[in-house]
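Just below sit the structures, each encoded as structure tokens.
In the two complexes below, chain A is the common chain; its partner is chain B in one and chain C in the other.
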Partner chain A sequence: MSLPTNTQIAPGRQDSVPVVLEVDDVVQTFQVASSHPFRKATVSAVAGVSLTVERGEIVAVVGETGSGKSTLARAILGAEPAKKGRIVLHRRGGATKKNGQAKEEGGRGIQMVFQDPYAALDPRWSVLRSVAEPLRTAGMTSSSERRRRVAEILNLVGLSAARFADRSPRELSGGQAQRVAIARALVSNPDLVLLDEPVTALDVSVQAQIITLLYTLKGRLGLTAILIAHDLAVVRTLADRTAIMYLGRLCELAPTDDVFHRPLHPYTAALLTAIPPKIGEPARERIHLKGEQPSPLNPPSGCRFRTRCPIAQDKCAAEVPEWREIEPGHHVACHFPLVDSVAVAVAER
Partner chain B sequence: MSDQSQPIVKPQPIVEVEDLWVWLRKRGREIPLVRGLSYTLRPAEALSIVGESGAGKSIGVRAALGLLDPRLFRVTGSSKLVGTDVLALTAKERARYVPSVAALVFQDPGRSLNPTMRVGDQIAEAFLKGSGYEPGMTRAKAEARALQLMKDVRIAAAEERFKAYPNQLSGGMKQRVVIAIAVACKPQVLFCDEPTSSLDVTTQAAIMDLIGELRDQTGIATVTITHDLALAASRARKVIVMYGGQVVEALPARLVATESAMPYTTALIEAVPDIDGNGTPPTPIEGMPPDPANLPSGCSFHPRCRFAQDDCLTNTPELRVVAPAHELRCFHPVKDLELQEASR
Partner chain C sequence: MTTATRPLGASVTGLSDADATWVSGSTRGRMVATLRTWRRAILSPSVAFPLAVFLIVVIACFAGPEILNLPSPIVGNLNDTLLPPGSPGYPLGTNELGNDELSRLLWGGQISIIVGLGATAFGLIVGSFLGMLAAYSGRAVEVVIMRLFDALLAFPGLILALILADFLGPNVWNTILAIGIFGIARFGRLAWAQTIGVRHRDFVVAARSDGVPSGSIVLGHMVPNVMPTLLGFALFTVGTAMTIEAGLSFLGLGVQQPQPTWGNMIAGAQQYMSLAPWLLILPAAMLVITILSLNLVADSLRIRLDEER
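Entry: the complex of A and B
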């Protein structure tokens, strides 16, 4: 196995770029106890999400607590297979895996980086053993070969193998532990990496180190990843495309620049204005959302965002907004998208 | 007009922390966690204390409120809340006095609330058993006040939510309940320890709005601890930056962008990803915060400082005033270096 340098792809979205992951109309529901003693209630966690990830691309999924972004990630990983819909992973070399087969094959093909690196690493295992584990499950039997590969990957994430290979996780700082977790995710050369809030648990200065590392890896390896985050600033730096999720549905999916400069969904616009202003700049003109996110046990009819939307109309309660491509590559699910005139009005308000 | 005709009367400070030191007692050693923290706060003022984990922000606030266990920590210096030094009080006096003047809101609202009690009752308890108690208080009166407080902190459908248990509320709602309990006893200062770090971005903005409204309406002073310099600069009037248990820079919030001169502060600004930029990565601060048990010689920040020179390793910088309301602990502030470069 060699470093995945063969996957280097020129930036830009050409038709020739192969699709790595297809997520098509995925639905995930859970049965939970309800207040009624003999009935179960259904949580609609993900309600029809479609997206694709191309090779060498980082797609961010942004949403607040309860938006279903982590449930979607778990469905993609196959940890909890989706109830409906299609998830297809096109592996390098032509193999294709459908709905959750990734799990049966020991997770090869997809690797994950979690929010809390200390919880993700076995406290009794050395760094070497943790990082080498995916190679063992992938069938690399020679320990010297594994050791060489681990040294290579540790070096890539900025840790010296000589100093760190024999340490245990508690001898690592938060930033170092997250680097180890990233090394473990990359060591088996996966087709797709799921980054679930990779910097949320870290301090500001360390956050910047990990963001910079991921940015470098993206350039050097052509990292293909889904980045789950609630922090828009992280997304801005790393993601090629960004999807905004609310209560189990995608609101908007577009190249990251477009999401930030020309949001079309009112929820995206409100999220952007809630970010604290850049240091030294005046407060943003805020779009205030009404009330709170409704319960996924009983989601609103029609558009799920309508109960909080500042521009909701009768149509929004009656019809589920269609997922449309308004501009090339810019998808939105809204009856009244903020096309330029509206966006300007909102921005000036 | 002569000087004596109309002297400007500044309101009495509510908080005066003076040369506060905190040591952790560990295996016969004393490890300094806070080293000489001082600040003053007047009514309706908003102060933010910024720093990374282990900078001493939280422990400094707990020490100032007399909350640290004396078996584990040694605290020196003084912390006057509305004129009374709480560190000079006995534990019993302190338990009576501090809640009447100050309140503390924690990061995780779920853990601050009693999961087995309805939230309305938890707020009403402040009037029945807490320091909000007044002679003639009845359960009905306390509940009416609690309901009013829930409305004051903008909890929608307050009558309904009054009977809810904490697990039936969202994180933002729970934090509003915690704030309602905190302000129930009409404290004069509200300390918030990372009040929004566990909340989503839109909820964070709403909670910070609420704290600001309370300040404007009631004249309560607020001290917000955060690791987010952008949040601090946008929401506070004065910002204190802590590193390795010390204040390294203190300045008015509106000047953070233009006037900050301690290399750590400027590095923190550069470490925040630029949301309005074109997607270039932030500049990380290499290395790690210092271990309080094993502090570097000289300036605590010198091992990570881009501008460190020989004297930073050997001499310890003092906090000095460089401009009105602007203090700095650095031998080679960024501004001086820029001037030197410009003159070359």
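Entry: the complex of A and C
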């Protein structure tokens, strides 16, 4: 079956060109049943998101439940193609297939690590078979070659092939299963890995192990990834750049340190004050947001954050804030970005 | 940045001895483990006992007449009608036409078992194919197939089989067809629901978005995950099919006399109920034993295999 996708596969550029993924003004909407008997309601899940990912970089997308971050990931993966916008993957090597074509040689170059590792592995398949699946798709026909590669990749994620490769998923702990899922995502050497809340479903102690593993892999393989998360601590450890998403739009995108130390968007600032202080640290002053995230069925006009923003003005309701690069590499969508003094005050640590 | 572009294999150092041994091995160990799981489940008493009963019935019906050198079930001796069980030469007596009851019971069992298994297999194969097709193809195909199932389910099972059997004419193969068609909708809806459940699981999403061909996804992921449920349901359905066969034969629309089946034996026996109650009790008991043992096998096997997981 030709999977509908608008992920274009660009002609293989030289590796010196660092951009792996270009996401340009992507819009995703869904039709759902509404209270009106003959009319469908439109959920505006992603409303114009643009970002790029460079080779060897991890970009985090942070947002609360319903902010559209997983929808964005699924659009990039091609599982649910975006309604509008452009998603271009610049692949290593020479694949020059464009959207709509039935099959790309050697898989599609994007792999995903899902939140629930047990759902990501076929319960009836052995670890070997699951991990080797992308290799088959990529055209590795020799089963002994596949066994060797699977053993290598399992070693890389810290599992012994001799002990684990012939097990079924139910014979694995949550952490082991997530390691296997990561191995599966990496085995075919994809151009981009989507990490969709890779530790959320795990025990806290296991979370630390998986984060450490991802950190190690980043160093060893130069992992290129988009990390979907809502845990800011995870983001801080792993991500080179961080995007903050609210109700289908990006609020802010900057190098991770800048996001944490000099947030320019009021929503980012409010999120940061929600991180509990470390032991011994004085409690920060919380910025409490009013109410709840509005429904994506009927998003607010202008800036989508305005209904809860402590500094909202009339202009915020009238105009959609432009996506501006205020400082080099620091993008923000806000009519009244927090100037230095205010930013320091709210992000006071 | 150079590590980023290096093929993965190059960044990995050597494997441990145990892993190197594993690499040069084969997948046989895994198959052995699966077989061992099944053997343990089948050999557990709650499965083994009803299974043995069912197998004894099957073997008796198919090999019994040959081994015991029984007389033909349809050539009777009119001097020996309605003899009670234990009569010389007729261990289970005779019917109103002087046919040997034991012979009729075993020959009749063959038909009942063939119809039960055949109708189930027919419903299972056609139903699961249509159900999975409905779940995996577009909306239009799905709507057509599912409404077809609804239409089939709207008839009570026996009535539908009655109409079909009447339409097709009474013989073994038409009986299998009539009962099998009744099963299609049940198997189909189950296969549809199971497939819908599997197709949105993350491992299928991952395979599809990576470009794994549909055929491989259906055969590799869908069928193995859907089939256990369907097979479990099929074991129960064998009993239902045998009951419907009995009902059809009882009403004279299934397999016709003098060819015996448990169903038409019960039907024929009712006139002689007070004179020769064994003619009614024996085939009814065989029917109950067979259906009960199969249902117990299905039930216990499911429980044992669930425990193993």
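Quick note on the criterion: the second predicted complex is superposed on the first by the 311 of 349 C-alpha atoms of A that agree within 3 Å, B and C clash if a C-alpha of one lies under 4 Å from a C-alpha of the other, contacts with A are read in each partner's own complex, and residues count from 1 in each chain.
Convention: contacts are C-beta pairs under 8 Å (C-beta built on N, C-alpha and C of every residue); 3 or more make two chains touch, one makes a residue touch a chain.
Since we're looking at a predicted model, the values are computed, not measured.
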Quick check on the superposition: with chain A as the shared anchor, is it clash or fit for chain B versus chain C? fit
With both complexes superposed on chain A, which partner does A:220 reach: first (chain B), second (chain C), both or neither? second
Put simply, what angle do chain B and chain C open at chain A, by C-alpha centres, to the nearest 10°? 80
Name the contact category of A:230: first (chain B only), second (chain C only), both, or neither. first
Partner chain in contact with A:137 - chain B first, chain C second, else both or neither: second
Applying the document's definition of touch, where does A:162 land relative to chain B and chain C: first, second, both, or neither? second
So, A:270: does it touch chain B (first), chain C (second), both, or neither? first
Which partner, chain B or chain C, touches more chain A residues: C
Have a look at where A:152 lands relative to chain B and chain C in the superposition and call it first, second, both or neither. second
Least CA distance chain B-chain C after superposition, rounded to whole Å? 12
Footprint overlap on chain A, comparing chain B with chain C: none
Hey, which residues of chain C end up touching chain A in the complex? 1-5, 7-9, 11-12, 15-16, 18-25, 27, 29-30, 33, 201-203, 205-214, 220-221, 224-225, 309
In the complex, the residues of chain B that touch chain A are 52-53, 156, 170-173, 200-206, 227-231, 233-235, 256-258, 267-286, 288-289
If you look only at chain A, which of its residues touch chain B in the complex? 64-65, 173, 175, 203-209, 211-212, 215, 230-234, 236-237, 256-257, 260, 270-271, 274-281, 283, 286, 288-289, 291-293
Considering the complex alone, what residue numbers of chain A touch chain C? 1, 3, 5, 15, 18, 55-56, 74, 77-79, 92, 103-104, 107-108, 110-112, 114, 116, 119-126, 128, 130, 133-134, 136-137, 144, 147-149, 151-156, 160-163, 165-166, 170, 184, 186-187, 189, 220-222, 224
